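Pasting the structures in now, so scroll down.
In the two complexes below, subunit A is the common chain; its partner is subunit B in one and subunit C in the other.
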Partner chain A sequence: MRSAKYKTEPLKCWQKAKEIRENYYKNYAKAHEKGGIRWAGGAWSFDAIPAGLGDDVYPITSEPYGASVAWNKEFALECQEAVERAGYARDLCSYMRNYWGSVMLNKYVFGGEFPTPDFIWQDHICCSHAKWYQVVKDIEKKEIPFFCIDVSVGPYEQINEHKLNYVVMQMHDGIEWLEKIARRKYDDEKLIQAVYNHCRSTSLWAEVCALNKMIPAPLDEKTMYSLYVLGTLQKSSKVVADFYQELRDEVKDRVERGIAAVGNERCRVMTDTQPPWAFLKIFRYLEKYGCVSVGSLYTFGLIGMWDVQEDGTWGPRRTPQENGIEIKTRDQALRTLADWELKKPEWQHFYYPHLKSEMMIRIAKEWKLNGIMLHYNRGCEGLSLGIAENRIALIKAGFPVMSFEGNMGDEREFDETRTIARIDAFMETLGFERLE
Partner chain B sequence: MFEKFKEWQENRHEYAKEWKRKTGGKVIGYFCTYVPEEILYAADILPIRILGSHEPQDLTEPHIFGMFCPFCRDCLAQGLQGRYDYLDGITIAQSCLHIRQAFTSWQMHVPVEYSYYLPMPHHVQSARAYPYLTEELKLFKKSIEEWTGKTLRNEDLDKGIKIMNENRRLLGKLYELRKEKNPGVTGLEAMYAVISSQLTDKREHSRMLEEALNKIYERKEKNSNLLRLMILGSEDDDTEFMKMVESLGAIFVIDDHCTGTRYFWNEVIPDEDRLASIAARYIDRPPCPSKDWPERRRVPHILNLAKEYDVQGAIIVQQKFCDPHELDIPAITKTLKENNIPSLFLEFDVTVPLGQFKTRVEAFLEILREEDLWS
Partner chain C sequence: MVTVGIDCGAKETKALLIEGNKILAKYSVLSGFDQKYAAEEAFENILKKTGISREDITHITSTGVGRKGAYFVNSSITEVGANAKGILFYYPSVRTVIDVGAEEGRAIKLDERGKVLDFAINEKCAAGAGIFTETMARALEIKLEEMGELSLKSQKPIPMNAQCAVFAESEVVSLIHSKTPKEDIARSILDAIADRIASMVRRIGIEKDVALTGGVAKNIGFVHSLKRDLQVELFIPENPEFICALGAALIAAERALSPSKEGGE
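== the complex of A and B ==
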């Protein structure tokens, strides 16, 4: 191999990210030992709200859990087969099937029995969100209280008072419900702090992703997966917000020193939707061409909150604190949280594919991409929604697009050889040869 | 007497074009039965449901990823083929993810004068859904007013409510007859009646329905000694399938379909605030699975229907890849089983393998007959 063009260096905070993740799953499992509460919900749940029940309340979010199962190929297959035996269709969300399978087999992917949650706290925009836990209730042996907030009020550009109210009033109902089922008094101060943390985490993550506009990119997407995941676990926690601050500082420093994620970077691409988790080696394969995936709307916009900056480019959304807003009441906290989250980039395409296409085209331009790799992901109906229209729009905007089919959580639907062949053909179209 | 309904169903485009010629009015195509047609009738617009044609096609491949249901792709194909070129507008009320892609791709590739996405709430079990949808209906009404240049007064809304309610009531009467020991109407006929109501001017449809009802009361040949079946599941307008099953000594007496009971089951209960009463009707209607949470209300509802209509077995159909129904079917099957109602599950596509399905249905009916013998 030719000598690298740029210097590379491992991330210093890597180990810390790993520890936060490990502790998270351990804390959830052991919550009862310390007299605490554990709850389950989606990666998009408003986790700042149950935080008002106390500091000993531990969540587990279902999609990252489903992804963790996918990493363990044998166990994932066991889960999927258990779910199919129970009569559930094979084409349903693969995270959901991995999660259900784990519940059915009563095996926690991190060891031991599956720790049943004390309650379920979910939100709903994808058709599978609320239904996911309805089925969990069907398959769990005991009755689990379940609350779910509908956030599908239309795209943020159409937001108005009554749409916001619909979400906020459900949140208020949710707090009353939480008090009742947890038999605890709700602490608004803890909610307010959690909302601050939530905004801080998600704005900081966007800032980290924005730093990847630089050439060479300080991070590659494969690394980003291990970092953004913390935001999908518990974005309202101080630990996560502080970590993202540390990460931002480190990535900034990498940019200043010209440290690259891929030493031979000469071609920049982005992907779309969750990757086939069991096959992240396709990213390593790209490196053979000096190609780095600098992210995706998925890695940027699932957790990151963005705004158009003064110069017209995309950058982190200013947090309430940065705007000098002091949250004083429960209602204000909930309104701030709802308004903040409804702008999530990954929620906009649920209504119109063109909103996603526009964001993708923006990324393609500002992050200086040579091409785009679209994962037609059979495992996720939510994020694959409108993907074919995105493809047409990207091509129209002048960006070369390669698409490949797969499944984020069910490896039976990913053809590695075929995908590699497609990558070869794509790189050839873009005019790159293998470096070795 | 059901010939007219069949004719309307088969010649839907001719009907709508003729309606336009006659009235000079606008026609809107809608993609989901949560669209409040009351408001459209109030504005003298003809709402017609966009359905597929059950013909294989590959036109939609560049627009909708193949993991989405064949029904939504079949619907979009109709637009791309120009079969709905007479439409003045399109609209959708938010339901499942799949069908909204047919709507958004249509918006982008099949030019129409007007289009509207109504963000119908999903949390219909929450009291918060009522004021929210009422406000959304205000926006929808305003948008229709701007498009047509006509202000919708209470009298207009009352007209819309009356047209819709009357049709619902008549369809209800038709379904009432299906409870009888020897129902005067087959499942196929009932399907023609409901689907055609989604494709025609409800006023004309209601008159025809009244006539049909009067004739049914006089019908000589009744459907006796037939196995009583229920059909339920994903979108289904497959009349060929209904005909095939009913040729085997069985009769469908009830359904849980959006081309059946889910469409017309409840009425608007008129109130001073017209939009609030329309909103309540759609929130309280028998839900589509994507809106049936956190409680499972469809399951007891289906069981009630099965009991009220004295069904002996159920056929559960699912459009391939239809996630919302896939998420409900195991719970439904389990409950039916616990209540001694055997069921047969079939996966539907744009075209169904009638021969293969016939063998399976025959075997299923055989089991039901044996059970009948022993009960």
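== the complex of A and C ==
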């Protein structure tokens, strides 16, 4: 083994990140023991809104749960086979199938029986979201109250007052619905604080990702998966927002001291969407070449909120508080939240593949990449739509591209040996050899 | 300087020995289940054929899916890199290589020095590779070597819908039961493979000149189908299944002269 080029050290806040995640899933399961309420919905659901019901309201976001199942290969297989026995097609969203299978088996991947939500609070933009929980209701064989906000109003660059109102009015309706099914008086002040935390979390996470422009990169994508996930769980909580502030400070410190994620960094790549959760080892394999994946459009844009800075580069979007905006009313809070979320990078390319290409080209340039890895992900039709066009656009922009096939949540569709072979070939084409 | 390239393929392991720019020997054995043994056997045979001792070999480079099994080599390179290097030995003007082996199909774009500019590999299925033809030959109850000639006698194209070897075999059986002539079925099979390969090639773009390598390049029916599909002339070297081994041997020579660039795994 050659001596490292840069110094490395573990993240100090790593243990705290683990604890936040563990507590999140435990709190959800034990919510009723504390007299609390449980709700389920997608990671993009506006979790700030149910937060107005009280401090004892606990969510579970479905995609991260599906990813957690995927990481447990044996349990994931049980879930997938249960879904297939129930007659659902294998080409459906693999996060969704993992979640459904868990419900069908009545097994919580974190132990015990699967905790049934008291209500479902969902958004709809991807092709699976709304149907996801309609099926959950069928599987649970219970009339679980279900509210879904349609956010598919088109790219943010085309947003107008009417489109914004379309979302905001649904939010208002949603709050009335929440009060009715929860039998609680809604607390607008809690909503406002939750919106502030939401904006803080997502802006800070973008700032963390932006720090990976530095050479050496202070973080690698595999590590980032364990960090960004908190924002997919409960971005509107003060715990998460405060954690991201702590993380931002630590990563800044790493940059100042030249601490690297990969000690022998000499090649930088990015990926695009969900990784094959059962095989994150491929990111460690890259390190054998001195290659670091600095992130992906997914890790950057799933929860990170970005904006073009004064110098024309991509950076964190300024929060309302940073802009001196004080939120005083429910409507203002909801309008702020809607406008904030509709700009989410990961939402844009559900509409047009070229928007994904544009964002990835920007990242590739600003983060100084040598190449790009595209996951031809059979588990997600929504984010994989147009991936072949993305490849062409990236190549035209001058970036070498490799593709690999797999499934984010179904390890049966990932071929580790072949993927490693493709990585070998890709590194070779980039001119990098193994360092061992 | 004497160097050796060993291509540890999924079905066959090929070894090729060069001295300078001259090919002195080549040998192929079935890979079987013991990749190490196959690599050794291929290597020992080219030594016997040439009378050159192991000690006189300056550098050995392996390639292929089983390259890690060739424990005695000095370095290794991927099939993509080996193909690019090897084809220029025969055709310096080639800028696109299509390699169709037993289990994989590859399309490679390269520059005049053999540097790989882009590549694509077939999907997680042997439907676009040689194993597919073997499976289908069994279904047709003909020898694999006969399939190409037989397909050229066909006057009627029949689209094959299934692209998976498992389902395609079922489709072939159905065609047989419907009394479809064997030559038409053979053509259907090779057209299907060619269509799949052509689709993959188009992913990286076709830049002339275009060469075809790998064992399936010896199937004249497939070559005919692919030419028709791509509408380009295909350069096919002598012994196309040895191009990767040749590329590895050439790279071995380069690495012997520049040890710092060795890519050992």
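In this text, the second predicted complex is superposed on the first by the 436 of 436 C-alpha atoms of A that agree within 3 Å, B and C clash if a C-alpha of one lies under 4 Å from a C-alpha of the other, contacts with A are read in each partner's own complex, and residues count from 1 in each chain.
As a convention for this text, a residue touches a chain if its C-beta (ideal position, glycine included) is under 8 Å from a C-beta of that chain, and two chains touch if they have at least 3 such contacts.
Predicted model, so just to flag it, every value in this text is computed and none were measured.
Asker: Please work out whether A:R418 is in contact with subunit B alone, subunit C alone, both, or neither, and reply first, second, both or neither.
Answerer: second
Asker: Subunit A residues in contact: does subunit B have more, or subunit C?
Answerer: Touching more of subunit A: B.
Asker: Of the partners subunit B and subunit C, which touch A:E19 in the superposed model: first, second, both, neither?
Answerer: Neither partner.
Asker: Now for A:I395: first (subunit B), second (subunit C), both, or neither, which partner does it touch?
Answerer: In the superposition, A:I395 touches subunit C alone.
Asker: After superposition on the shared chain, which partner residues are touched by A:D55: those of subunit B (first), subunit C (second), both, or neither?
Answerer: Neither: A:D55 stays clear of subunit B and subunit C.
Asker: Considering only touches as defined above, state whether A:R434 meets subunit B (first), subunit C (second), both or neither.
Answerer: Only subunit C is touched by A:R434; subunit B is not.
Asker: When the two structures are overlaid on chain A, which partner does A:G382 contact: first (subunit B), second (subunit C), both, or neither?
Answerer: first
Asker: In the superposed arrangement, does A:E113 touch subunit B (first), subunit C (second), both or neither?
Answerer: In the superposition, A:E113 touches no partner, neither subunit B nor subunit C.
Asker: Check subunit A for residues that touch subunit B in one structure and subunit C in the other, and list them.
Answerer: 388, 391
Asker: Help me check something: in the complex, which residues belonging to subunit A touch subunit C?
Answerer: My answer: residues 388, 391, 395, 400-403, 405, 413, 415, 417-418, 421-422, 424-425, 428-429, 433-434, 436.
Asker: Which residues of subunit B touch subunit A in their complex?
Answerer: For subunit B paired with subunit A, touching residues are 61-65, 67-68, 94, 96-98, 100-101, 104-105, 107-108, 117, 119, 121-123, 126, 128-129, 131-132, 135-136, 289-290, 293-294, 296, 318, 321, 323-324, 326-331, 333.
Asker: Quick one: in the complex, what on subunit A touches subunit B?
Answerer: 86-89, 91-93, 124, 126-128, 130-131, 133-135, 138, 146-150, 152-154, 162-163, 165-166, 169-170, 173, 350-354, 376, 378, 381-382, 384-389, 391-392
Asker: Quick one: which bits of subunit C touch subunit A in the complex? Just the residue numbers, please.
Answerer: 65, 77-81, 115-121, 123-124, 203, 261-265
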